[in-house]
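Inspection log for the structure reproduced underneath, given as structure tokens.
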Amino acid sequence: MATVGFVGLGQMGAAMAANLIKGGHTLNVYDINKDAVAALQGQGAKACGSPAETAEGAEFVITMLPNGALVRNVLLGEDGVVSRLSKDALVIDMSTIHPLETDALIADLAKDGYQMMEAPVGRTSDHAIAGTLLILAGGTKEQIAKAQPLFDLMGSDTVDAGGPGKGIRVKIINNYMSIALNVLSAEAIALAEKIGLDFDTAMSVMGGTPAGKGHFTTTWPNKVLAGNLDPAFMVDLAHKDLGIALDLANQVGVPIPMGAASREIYNISRTAGRGRQDWTAVLEQLRELSGLETKAK
Amino acid sequence: MATVGFVGLGQMGAAMAANLIKGGHTLNVYDINKDAVAALQGQGAKACGSPAETAEGAEFVITMLPNGALVRNVLLGEDGVVSRLSKDALVIDMSTIHPLETDALIADLAKDGYQMMEAPVGRTSDHAIAGTLLILAGGTKEQIAKAQPLFDLMGSDTVDAGGPGKGIRVKIINNYMSIALNVLSAEAIALAEKIGLDFDTAMSVMGGTPAGKGHFTTTWPNKVLAGNLDPAFMVDLAHKDLGIALDLANQVGVPIPMGAASREIYNISRTAGRGRQDWTAVLEQLRELSGLETKAK
Amino acid sequence: MATVGFVGLGQMGAAMAANLIKGGHTLNVYDINKDAVAALQGQGAKACGSPAETAEGAEFVITMLPNGALVRNVLLGEDGVVSRLSKDALVIDMSTIHPLETDALIADLAKDGYQMMEAPVGRTSDHAIAGTLLILAGGTKEQIAKAQPLFDLMGSDTVDAGGPGKGIRVKIINNYMSIALNVLSAEAIALAEKIGLDFDTAMSVMGGTPAGKGHFTTTWPNKVLAGNLDPAFMVDLAHKDLGIALDLANQVGVPIPMGAASREIYNISRTAGRGRQDWTAVLEQLRELSGLETKAK
Amino acid sequence: MATVGFVGLGQMGAAMAANLIKGGHTLNVYDINKDAVAALQGQGAKACGSPAETAEGAEFVITMLPNGALVRNVLLGEDGVVSRLSKDALVIDMSTIHPLETDALIADLAKDGYQMMEAPVGRTSDHAIAGTLLILAGGTKEQIAKAQPLFDLMGSDTVDAGGPGKGIRVKIINNYMSIALNVLSAEAIALAEKIGLDFDTAMSVMGGTPAGKGHFTTTWPNKVLAGNLDPAFMVDLAHKDLGIALDLANQVGVPIPMGAASREIYNISRTAGRGRQDWTAVLEQLRELSGLETKAK
């Protein structure tokens, strides 16, 4: 059993720290919210007066904070964690922050011989309480192995994202996709409702197509991901149908700005000569615009 | 067994017509492509010299054409279907055209006492050949019942979309969602690749979240669809995380125009007072911008 | 003095027809609105019962209608203009319609030996009354010369747009730019107001910069239009400042979707290697995405 | 004549500092680029070893740096300006940084009794050399009056933006408008070129309309700015014409993402009941979406 410093006892952090205590670890906790500290103290944690103090004798220091500036301040600011951190200890940032801030923090700590990895989490506060979070681990194999016993108390699944900084990157990608998709879904359903369809009717169709199931496991695997752009459904036809939807939405008065933006990518793809390729070729087009290697031909 | 006129023998139409012949029906076929007509003739169809001729003695006339102007011309133009159509016959447009054109055609035929319904199809040309299309039927209960034996030969599933014009509407909604989602998926994966993640790592996470599974069956049912906007994940946090992704994409050079457009809807939602509501509240916001009744409070 | 058929007596058309009468021409007028016809009749026009009738003995037939479908119907539909049109007459469509519809109408009339040009107008209904419209003439030199006496009665300036179909094209470009710019201007001023600036303060600055004066006559002539991309202001810096504005707008709650869309073009430009080029290089980037020849190096 | 600390001797800063020397002031200069410091030293400046040193005996300290983090570090970091700053001195940040960073810096300095204003500049490095910059002064009346002699050496025009933080705000608004407008202009000209118009023809029309002249001084003053939404050109018609342009651009293959985004604002405006208002009503619509008071009725 280890001594673990824990800074950041919000809805998520408090639950995660509690599970580490239940697992038998010794917890040094800190938060600017004194009530949150007291609550953990009641569960057996040691209350600390500063981030620095949580690092006293700790093998791990975990941070779970709202943004990167706070993480930096907690680690490197006045009375910060590193001022009393052992060079054998492992700092684990479990916050969701900007990946370039994560990179900079890992590098800044490494300059002085300190070790840090990141492990942002997925799922909800209910999962935090139940100890069934999804842990997106970014670190060396050794760091992840060392932290695994803690992860197993806080979560039910750990993904090794592929190295330092990759955990926060996969978290941001996942959030990007789900947060933007939420709006696109709302555009589709608002349009459906405005033209007289109800959610159940729309779902009776979309539940069986990429509209509801997504493309990652349906249209993409045998096409663009396999380097095959022979058309099952041509870019030109997708562009045409999208034009009908945009015209309809503008006639009935439903704003669909994401759809409008997406058409311009089909537009660019057609001008680039992809009109008769499979519609999954838009991935190739975005790779090209991103300076990435394209994979199909 | 019925006599069926069929106009439009492209990749989809030819396969659908062939299945009607195999089912025992008498087919009168027409297409501007003489080879396509000859191929069907070889399977037992009667070749016609005009759309009008396909309507001779027919109980049904099916159209399967690239756009609404062509459907209108085939039905109402010179030597068009209605010039020899029986008032007992049922015209079934199975093309994907603009819903307002469908409405206009149904109304124009009705003025002269002719009956028309629409039944656009889902799935691919392979399904057309196998007779396993998805039929999105828009018509009266009687029309759908009458056409059902034909649908059963061309498809394996028929959805009653809820009335005349609703079949083409649900088709357009489905296509809208899947066509735009294709681009959003490409934005996410291009960004993932540019920051050093591969598809499999991204999928190991997204496969278990709304990013991969969509929102319709995950985050929405107990929240916005149930009229409950208590936050599992707040609009403010979604907006913040989206901002990180946009900043990152702009730093590493991956264009994500759909994500950029989606952030402005969160922006509008926050200004409208929804910052601390559940992120699924963006549906409510789009309903409001669309002049639809909002449902939650 | 000529006999002129005139179809379409709305706010604009009625004023234009009146000026032709005042100029001494004989007018045959038609509109579905009987009051509008009667008003012109009171000014000396001959009221006609159909578009066809306006063409009787006419050297010119002018159409001024809300959309392309109506123009087509008035010219080529039942009792349409061409049914009584002389092959020596010149049809002039002055409506704002889709350029591809204009092209198709000119071609369809030409097939039967009829002549048509287009001449959409700029400015307002006040200018229509005063006879000071801007005439955007699309036709052969001969057609424009022939119509010039009529244009001089309706407008104060005629632009020869460079050939058949070019008049409507330049009209659409002008409208595109001004209609979209209207929204961009509103984004900027709403943001200014939200952060505590008033219109006059904003204008005291923008009145002297490309923000208020536009780029066509300020930043572009010596840079991208001259094939010179040496940076007076780098794409990278423009991208950075735009990022500040987007962040600010999202912090204070002002939606700026056009700004968000524009950043992605700078983003694409930077990935394409244009970061240290002059900001006017975005024209080159859009040319490239449009399949046009780029001009600078 | 005063002693002036100056930190940041880039292309702009070096020229501005040189003009202060020519004006008779004593300059203490610092930059991480030693060559830039040496060049100013050759013109009579005193070279300093740190930002702090520039503040020794200085009545003014001017910063001209690439971003807000650097400004903060130069002022408040190790060996920063405030460590040797007189409480009678005035710090003037002339950089273009995030307005909320400007606010925070002014507040942080004020806490310890130090005075700061901002005065970002407009125009180019040629104007910096000529001493004809546009100075966007954000500060109290007293601060601006005190700094005016320096501004008069660096610039030819000073705008009092209305108080502390307003100078950087008007700068960001101006840049927002001009940077986004640059892309919109490129969309219009790329589309013009793709449909066969040259720049001169497009300009012969746009030079005389809001497309080229902007809306601030043409369509807005008598309409939305005067609280008058009686239509000179209706939102509905602007929406229609924009739809033609978008359709055309998508048919000929020119991406116009900003135009696509702008249409959705007209779309929202129409649903909100503004279809028959003057097109300048989009400002009212954006005010509404921004939580600002609308002004017309």
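Letters A, B, C and D mark the chains as written, and numbering starts fresh at 1 in each.
Following the convention adopted for this analysis, a contact is a pair of C-beta atoms (placed from the backbone, for glycine too) under 8 Å apart; a residue touches a chain by one contact, two chains touch by 3 or more.
To keep track of the chains, here are their UniProt names: A, B, C, D = 6-phosphogluconate dehydrogenase.
Since the structure is predicted, the reported quantities are computational estimates derived from the model, not experimental observations.
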### Message
Regarding the subunit B and subunit D pair, does the interface count as same (over half of residue numbers shared) or different (under half shared)?
### Response
same
#### Entry: Interface with more contacting C-beta pairs, comparing B-C to A-B
A-B
#### Entry: Chain centre separation in whole Å, for subunit C relative to subunit B (CA means)
34
### Task
Please work out the Cα centroid separation of subunit B and subunit D, and write it as a whole number of Å.
47
### Task
Could you grab the centroid distance between subunit A and subunit B? Build each centroid from C-alpha atoms only and quote it in angstrom.
32
### Summary
Touching at least 2 other chains, the residues of subunit D are 247, 253-257, 260-261, 264, 268, 271, 289-291
### Task
Determine the shape of the graph in which chains are vertices and touching pairs are edges (line, ring, star, complete, other).
complete
### Task
Write out the stretch or stretches of subunit C touching subunit D in their complex.
67, 96-100, 122, 124-125, 134, 136, 157, 159, 161-162, 165-166, 169-199, 201-217, 219-220, 225, 232-233, 238, 240-242, 244-245, 247-248, 251, 253-262, 264-266, 279-280, 282-283, 285-287, 289-292
### Query
Can you list the subunit C residues touching subunit A in their complex?
257, 261, 268, 271-272, 289-291
### Query
For the complex, which residues does subunit C have touching subunit B?
239, 243, 247, 249-250, 253-257, 260-261, 263-264, 267-268, 270-271
